[in-house]
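Starting off with a structure, shown below.
Just so it is clear, A, B, C, D, E and F label the chains in written order, and each chain counts residues from 1 on its own.
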Amino acid sequence: MSGWMEHLIIGPIVLPLAVAAGMLLIDERRRILKGALSLITMTAILVMAGILIHESATGAADGGDVARVYALGDWAAPYGIVLVADRLSTLMLALTAVLGLCALIFSLARWDRAGPRFHALFLLLVMGVNGALLTGDLFNLFVFFEIMLAASYGMVLHGSGEKRIKAGLGYIAVNLTASLLFLIGVALIYGLTGTLNMADLAARVADIPGQDRGLFHVAVAVLGVAFLIKSAAWPMGFWLPSTYSAASAPAAAVLAILSKVGVYVILRLTGLVFSPMAGASAGFGLEGLAVMGLATMLFGVLGILAAKDLVRAAAFAVMISSGTLLAMIGHGGTGSLGASLYYLVGSTLGCAALFLVAEVLERGRDAGGDAHKAVFDDEYRDPFDDTERNEPGIIIPAAVAALGGAVILCALMIAGLPPLAGFIGKAGMIVALVASADALGWTITAMLALSSLAAVISLTRLGVAAVWVRDESAPPLVVGAWEAIGISGLLGACLLMSIFAEPVLAYADHTASWLTTPADYVGAVLTGAGR
Amino acid sequence: MEIVLALAIGVLAASGTWLLLRPRTFQVIMGLCLLSYAVNIFIFAMGRLRIAAAPVTQSGMETLAPYDDPTPQALVLTAIVISFALTALFLVVVLAARGATGSDHVDGEEPKA
Amino acid sequence: MTGTTLPDWLAITVAILAVSGAALSLLGAFGLVRLTSFYDRVHAPTLGATLGMALILTASWLYFGGSQGRWLPREALIAVFLTVTTPVTLILLARAALFRDRTEPSEPEEKAVPPGTEASVEERR
Amino acid sequence: MTISLLLILLVALPFVGAVVAAGLPRHARTSAAVLSWIVALASVVCLIVLWPRFQDGEILRLDIPWVPSLGLNLVLRLDGLSWLFSALVLGIGALVVLYARYYMSPKDPVPRFFSFLLAFMGAMQGLVLSGNLIQIVVFWELTSLFSFLLIGYWNQNPLAREGARMALTITATGGLALLVGMILLGQIAGSYDLDVVLAARDAILADPRHLWALGFILIGALTKSAQFPFHFWLPRAMAAPTPVSAYLHSATLVKAGIFLLIRFWPVFAETQMWLVVVGGAGLITLVVGAWTAIFQHDLKGLLAYSTISHLGLIVLLLGLGTELGAIAAIFHVVNHATFKASLFMAAGIIDHEAGSRDMRKLSGLFRFMPITATLAMVAAAAMAGVPLLNGFLSKEMFLAETVAEAGLHPLAAGLPIVATLASAFSVLYSLRFIHATFFGPAPTLLDRVPHEPPGWMRRPVEILVVLCLVVGIAPALTVGPFLRSAAVSVLGLDLPYYSLKIWHGFNLPLLLSVLALASGVTLYVLFGRRIHAGAGGGPLAVRWLNGGYLFEKTMTGVYRLAEAGTKWLGAGGVQQQLRAIILTAVAAVAAAAIWSGGVFVAEMPTPTGSASELAFVLLWLVGGACAIAAAWQAKYHRLAAVVLMGGAGLASCLSFLWLSAPDLAITQLLVEIVTTVLLLLGLRWLPKRLETIKVPERLQRRSRLRRRFDLVLAAIVGTGLAAAAYAIMTRPALMDGVSRYYAEQAYALAGGRNLVNVILVDFRAFDTFGEITVLGIVGLTVFILLRRFRPHDDSLPDPSQKRRQAAADRKREDRAEGDTLKETMLVPQVVMRWMFPFVILFAVHLFLRGHDLPGGGFAAGIALSVAFVLQYMASGARWVEDRLEIRPALWIGSGLLIATLAGVAAWMFGRPFLTSYFQYAELPLLGRVPIASALVFDLGVVILVLGATVMMLVALAHQSLRKPRQTETTDKGDGR
Amino acid sequence: MSARVLDLGLTAALILLGLAMVCATFRIIRGPRAQDRILGMDTLYLNGMLMAVVFGVRTGSDLYFEAALVIGMLGFAATVALAKFLMRGEVIE
Amino acid sequence: MRRILPHPLLSLGLFAASVLLSGSLGAPSLALGLVMALAAPQVMRALRIDPVRVRAPGAILKLAGRVAIDVVRSNIAVGQVLAGRRADRVSGFIHIPLDLRDRYGLAVLAIIITSTPGTLWVEYDRARGRLLMHVLDLVDEATWIETVKQRYERPLMEIFE
């Protein structure tokens, strides 16, 4: 272990934390400084994620895959906690970085003024997500989940307002329950196997004695329920629409990744623990996942059709995307997984972008609405209050047309219509499903088509209502420059991954096959350097 | 000993679950507290039960055999802290909800008749 | 049970001290059950908080002194802090109870609210 | 190379033009038109240049890899059919651009219009030039998308918006089906390449899945070409500007479906399904469209239904499955495009110059716009199938085919009759179109005087009408080669005999043609007036066949269903959500247990009978009773519930102690103290609940049921958790887990004896690191939330106790307000204040000894914060804050920073984050003292815990202070 | 012999303290008024602490001392908070 | 001296407590005790709390002994009450006029009274200098008043005033 590159992997965790901690020491009135700081930090994270993903994509010198292992405290796995940057986690890391950066830029227009300590919380949230993605330890995963959730509570409640608080209440209650289940599951697993390291667990699964196996499965089921709650699977995801639609736009955009972290963990664990090398446990729970996923998709479809505004539709789109992924994981197979990963990235970006766009479109709409009133008419005025609070900064022209275009792009991404990445992902999944030619595959295909259809119907309805139907009396649409940059950043990412679909898809496919052969991962972690 | 502790976990968990499913925010907070007691003991129990075997090593006896499993204890400590923090947060959100909506129902409004 | 090096007399003393302390505490706690008025009940736990505690702590001190040679009376810390802090609770509690009884006497069994204290008559209305 | 370039240009030019046009300023009407015109012309030139390359079935190809792993490549493939369609798209496109320049109002953002138009053109080009199945879908959906934008161009008009949405919904649905169908087809054929698929006809038909593939593809094709029952979107799309109607809804977009059918005609034409579905849909559409068209009063409506009918005709031709039918279909596509586009443009001119499209308002326009009228008459005649016009030719071929088919199949016996009927209808509505508009008395209902349009606006119509005439008169010379090359690319080189002559001699088809003409005229004479006076929409089945209405109904139904479904499948509130979660968890556990064939739980061991276990039993008797009582009391006696919970907490602390976990006991105790204070601080702001509140009987019953259910659920959860715990506890202890390593190495490698603490600050320090971050975040969030906290009205006033005590104080003269408090706190204050340094001392000890003995940073931090809380409780917030600087945010920040720095410091030694270092230092006087860098980390923990806990408590406590001075913010809680 | 007596005595003490806790719990649950419950809680804490001490003696381990000290030193903070709440309706003013 | 040791008694107490907490008389423990004894009282300075001035240190011991005896005696007495031997006893409130005004003296008195089973400090009216006390076994009001004033208040006044 030598050179700064070795420590790169922990950068996405330590850097935002250190900056956030430092910000707490800075006067809240120095907003520009804080904004600049977090912008720099997020950019740095993006760069780090870029380096890591580049490394995963190009592979090791001898042609194998790279799983960079970082033994915290210099304690080798499974005794210490390790961070593992493999194909999957770096992919998610990069996604988070892009999303985070864009949401941050968006928020610079005005949201960072809606409540105190925005930047610190934001960075901490990003740190939590990064940690959850990188960690190779189950309990540490719990801890990072909690960081992520604690910060997301803060972000959901950012700006206060009755609607937010009501939604936040349910969100917290549900997630606390999930955390308890998580703890129970982890504890049981420890009680049976004596380890918390995921790779070590994967190595031990096959050797679990027969009389312990039932209990082990119960433990994983409990754990699975916890993750399913986080990934908003039906019937445990009812909190998601109300929460996401109540949260402030940049928060919602970042939250779009949160449910995917749940999916990520499920993917990781099924890949590691229930792989064919898991002996009698191989393939455990996949059917359940598939059923859950389908139910979630159905619920999302109904919800998106019933949605009355774009934000809510976006929230249900997040659910649909979660459901799709769960069903695909349940379906299994390298082909499906590869396309699903591609879809994961695309749909997350699309939903996030829609959250941002919708906020701009709909903010003028219910000017008297509770949420906004509470945000910007603070009974207890801030000492650093200023008049520009409600202004989104520099305004760019031709807002309506640009926003209309943005809505269309988001809708294409979410509904999976060509020629954007949403379509490619969906087509890839259908290809794999049709190829598998089993009943489950066909059911998922049907649900995929149905969900696309529902998204088209709903998003055109709501999009038309938001962009084309504008009251004469309504305030003119304005888009701040920061907002425009943020939105176009996300959409640009969508476009890029559509144009360069082949390399991205190849990466995803390769990741899928890496996931289905966990021996490499286990080997990399358990032979990692350490004391 | 084991059976008593198992029953204790069961009673705490059942009471907690019951409260968690109640409509008033205060009940839910209490439920979460009780549940986290139950879960803490549960995690702890995963290290099996030992009396008078606190995991503080004596010199010359650096093996696991004479001590209780320290790992679950460390996990419980972390869990205690986190659940404490989140309980506090939940409490504050409950208060804020009560302030904003005037109701202490978990939905932020009284159920319609 | 590592401390088997204790001399017999010390062991027996420790045992007696512990049992009697515990018994005293139990007696105090039992008072909580048995006494009928709150003001009476407040007195009960003091048994355990004073002599009961003292006996048990002494037992502990003797035990650790005898078995491990640790004669430094660490237990004294507990004794001192407990002695100092218990009254705080009790005083506050009694005061609160008194105030509540004066203003909202809802329990018929609560009798003998002290006469002549300030404003009690007016408050009772 | 040049060919590749040309191919690329054919598709890319329109898109480039679209992007440029989008960038033009809002009022640049002419520049946008010129740009589009140039683009269209340039493309046409490219097309013409390519023409000599293939007339005999050659195919020009260009492969551009995009996503090869999905089989999705851009394959530009030009054959005769593509060329013909491409020519239609570009040629009519060019004319429409010209027309639109004059049609569009300068008030509209015209560049955007041209941008959409060009983009649509590009999409169509991409579609017809597509050599890859998935690429077809891609461009297919793009045409839907741009047609959506074009239809909705006048977005201030609700009809336009509705029409656009409907069109998109229908065609996108079709597109999805098409995607599935294409993927399936590609998998059957083994490739998504069109050439491979077309060559693999036998293999495809041998695979039973081909029916599915065909079905899905047909859904796509039929929706796009507006076939019954998906036809209704087309009339609604008439809300678009007329150039759009002329372009999309006569010449191109709707022909995309036809194109697809022709493309796959060689593969599927002979399957039963093709005959039934395609033929059937075409037939019904033909008749229904024609019938409905008769009763339209709107010119564009009439044309729209007529288009539907003609599309039906083409589809029917294709559905017949004969080669001549296919040729006739291709021919009619071209013919229909020319005359229908010109008619739409004419209708647009009328609308533009007369201000109305309603035939009931229009009349006698011939005298105002004779040239336009003549042009329209010629085009309408072509539509009606009058000889010497192109329409006649293809209609003749159609009738001939029906007659031929009628002889082949008994089921098809009626075909000629139906075809003739439809033709008669078409004569009827064509006649009506002309007569009602151009003849009769001068119009009275118009609000302006109509006149001829600008010459350049008429020019496209003129060109098209001339084309109709030329083709009609000399078909073989004009359209012949193109038709042949297209037919060759579909049918192969050995084409069946067909003749493009006007005169085939007296035969049955001619007779039918004449019959149709005659009966059409007769019908118009007989019923024309009545139709004109009718309510529109027409009699008979037309109303219930109004798919648009049904669609709207369906959509509302869908929305309503979705709402109901969301409600039914979803949860109304948090309570139900939590219940669902717990139910799911229980179900998941049960399922897992069943899946793995049960869960092993050891036999109950015989009780050891040790008397000391009795004490443990008593302990949990207490704990359990407290827990249950807390559950029971939490609704009405909240204070009692807090107390009871404390009891349960104490029991668990003592259990930890009993079972060898002193660290846990200490921490849990401290946390419990703080939690109690927190809960009480919160309780002040929650409403009191009284048992006396009456709930209606009905609700009571429901809630009783719910409670019973919850009770059962809670019991199940409790039993399950107890069983799991029991099962684990009775298993042998783990001897090969990670703990063994900890026990063996903690002292040697990490220099600590307290294993728990060593794990926390060294082995698994990262957990602790995360845990304090959580605490810090929560502290911040609490502060943020409470800064905007607005208490509810009924908790605004002081608590009743306080008020009464204040009142009592005021009553007596020798007392000031607040004396009761002062006197009560007199003694407690002394004790609590003097405890302060002692608690600090205790905290320092906990902190220092943590590595070797029970204690540690977290416990120390909480103990410290209890010290602060004691001061707050004893003396009040102001007293404390006047004397001590309470800056929790600062503490949180510094704690985090210190912990981070302690971790980062390891980098300087080339070690990973959080690597600890320890050493025994020989200090004078003190002797050997262990110095571990983990202590620095732990110091960060202490500071952060203190900061976060104090932040929470203080922020809550400040709420009572804040009320009286509402305008002022109390930012003491913040670190500024 | 002495160890036996000691063990017996300490066990008895534990049981007695356990019974004392049961009594205290009775008062907590029974009430009837808030002050009774808080008093019961105070007693419970006290007996719990004593139990911790006796338990420490019984196991011959010094490690449980801090836990007892925490109750002895800081346990009153909880009851004071409760009492203060009862007295003033507010814990911190 | 004042600067370094604003509260000598406190420092002494802290030193003792620290050593007890360390549980050893080794050099590190003593050093830590010393440091704490010097450092911790600084918070008292921040809180602006008056130091305790003890005028008669000898009296403290005497009082302590007396209290210890009283505690044991009243333990027995109350124990008998609780054991049910005294069915006829009455409990009640007594007002005791106090001359003691020093805050610390009052605090110590409160602790003594409350720590002694059978008596409870309930309410102190500062304006009138009157203490309300609850007694479990109220035999004779006057005796109680006398006891409190003589046995406790006098030495306390000696110590603190």
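A few comments on the model shown:
What we mean here is this: a residue touches a chain if its C-beta (ideal position, glycine included) is under 8 Å from a C-beta of that chain, and two chains touch if they have at least 3 such contacts.
Nothing here was measured: the structure is a model prediction, and the numbers come from that model.
Note on connectivity: the fewest steps through touching chains from chain B to chain E is 1. Greatest Cα centroid separation from chain A: this falls to F. The interface with the greater number of C-beta contacts, when A-B is set against A-D, is A-D.
For the pair chain C and chain F, the distance between C-alpha centroids works out to 15 Å.
Remark: chain D and chain E have CA centroids separated by 59 Å (rounded to whole angstrom).
Look at where the CA atoms of chain B average out and do the same for chain C: the two points lie 29 Å apart. Distance from the chain C centre to the chain E centre is 9 Å, each centre being the mean of its Cα atoms.
Multi-chain contact residues of chain D, defined as those touching 2 or more other chains: 573-574, 578, 582, 616-617, 642, 658, 662, 683, 721, 724, 728, 731, 734, 737-739, 742, 745, 764, 767, 771, 774, 778, 781, 785, 788, 790, 801, 805, 815, 824, 827-828, 831-832, 835, 838, 842, 853-854, 956.
Multi-chain contact residues of chain C, defined as those touching 2 or more other chains: 1, 28, 30, 42, 44, 49, 70, 74, 77, 81, 84-88, 90-92, 95, 99-100, 118.
Multi-chain contact residues of chain B (touching two or more other chains): 20, 25, 28, 42, 45-47, 51-52, 54, 56, 71, 78, 82, 85-86, 89, 93-94, 96, 100, 106-107. Of all residues in chain E, only 11-12, 14-15, 17-19, 21-22, 24-25, 28-29, 31, 34, 37-38, 40-41, 44-45, 48, 51-52, 55, 58, 63-64, 66-67, 69-71, 73-75, 77-78, 80-82, 84-93 touch chain D in the complex they form.
Touching chain E in their complex are the following residues of chain D: 610-612, 614-619, 621-622, 625-626, 629, 637, 639-640, 642-644, 646-647, 650, 653-654, 657-658, 662, 665-666, 669-670, 672-673, 676-677, 680-681, 683-684, 798-802, 805, 821, 824, 828, 832, 835, 838-839, 842, 846, 853-855, 863, 866, 869-870, 872-873, 876-877, 953, 956-957, 960-961. Interface residues of chain B facing chain D in the complex, by the touch rule stated above, are 1-31, 33-34, 37-38, 40-42, 44-59, 62-65, 67-71, 73-74, 76-78, 80-82, 84-89, 91-96, 98-100, 102, 104, 106-107, 111, 113.
Against chain A, the residues of chain B that register as touching in their complex are 20, 25, 28, 32, 35-36, 39, 42-43, 45-47, 71-72, 75, 78-79, 82-83, 85-86, 89-90, 93-94, 96-97, 100-101, 106-109. By the touch criterion stated above, chain C contacts chain D in their complex at residues 81, 84-85, 87-88, 91-92, 95, 99-100, 103, 118-119, 122-123.
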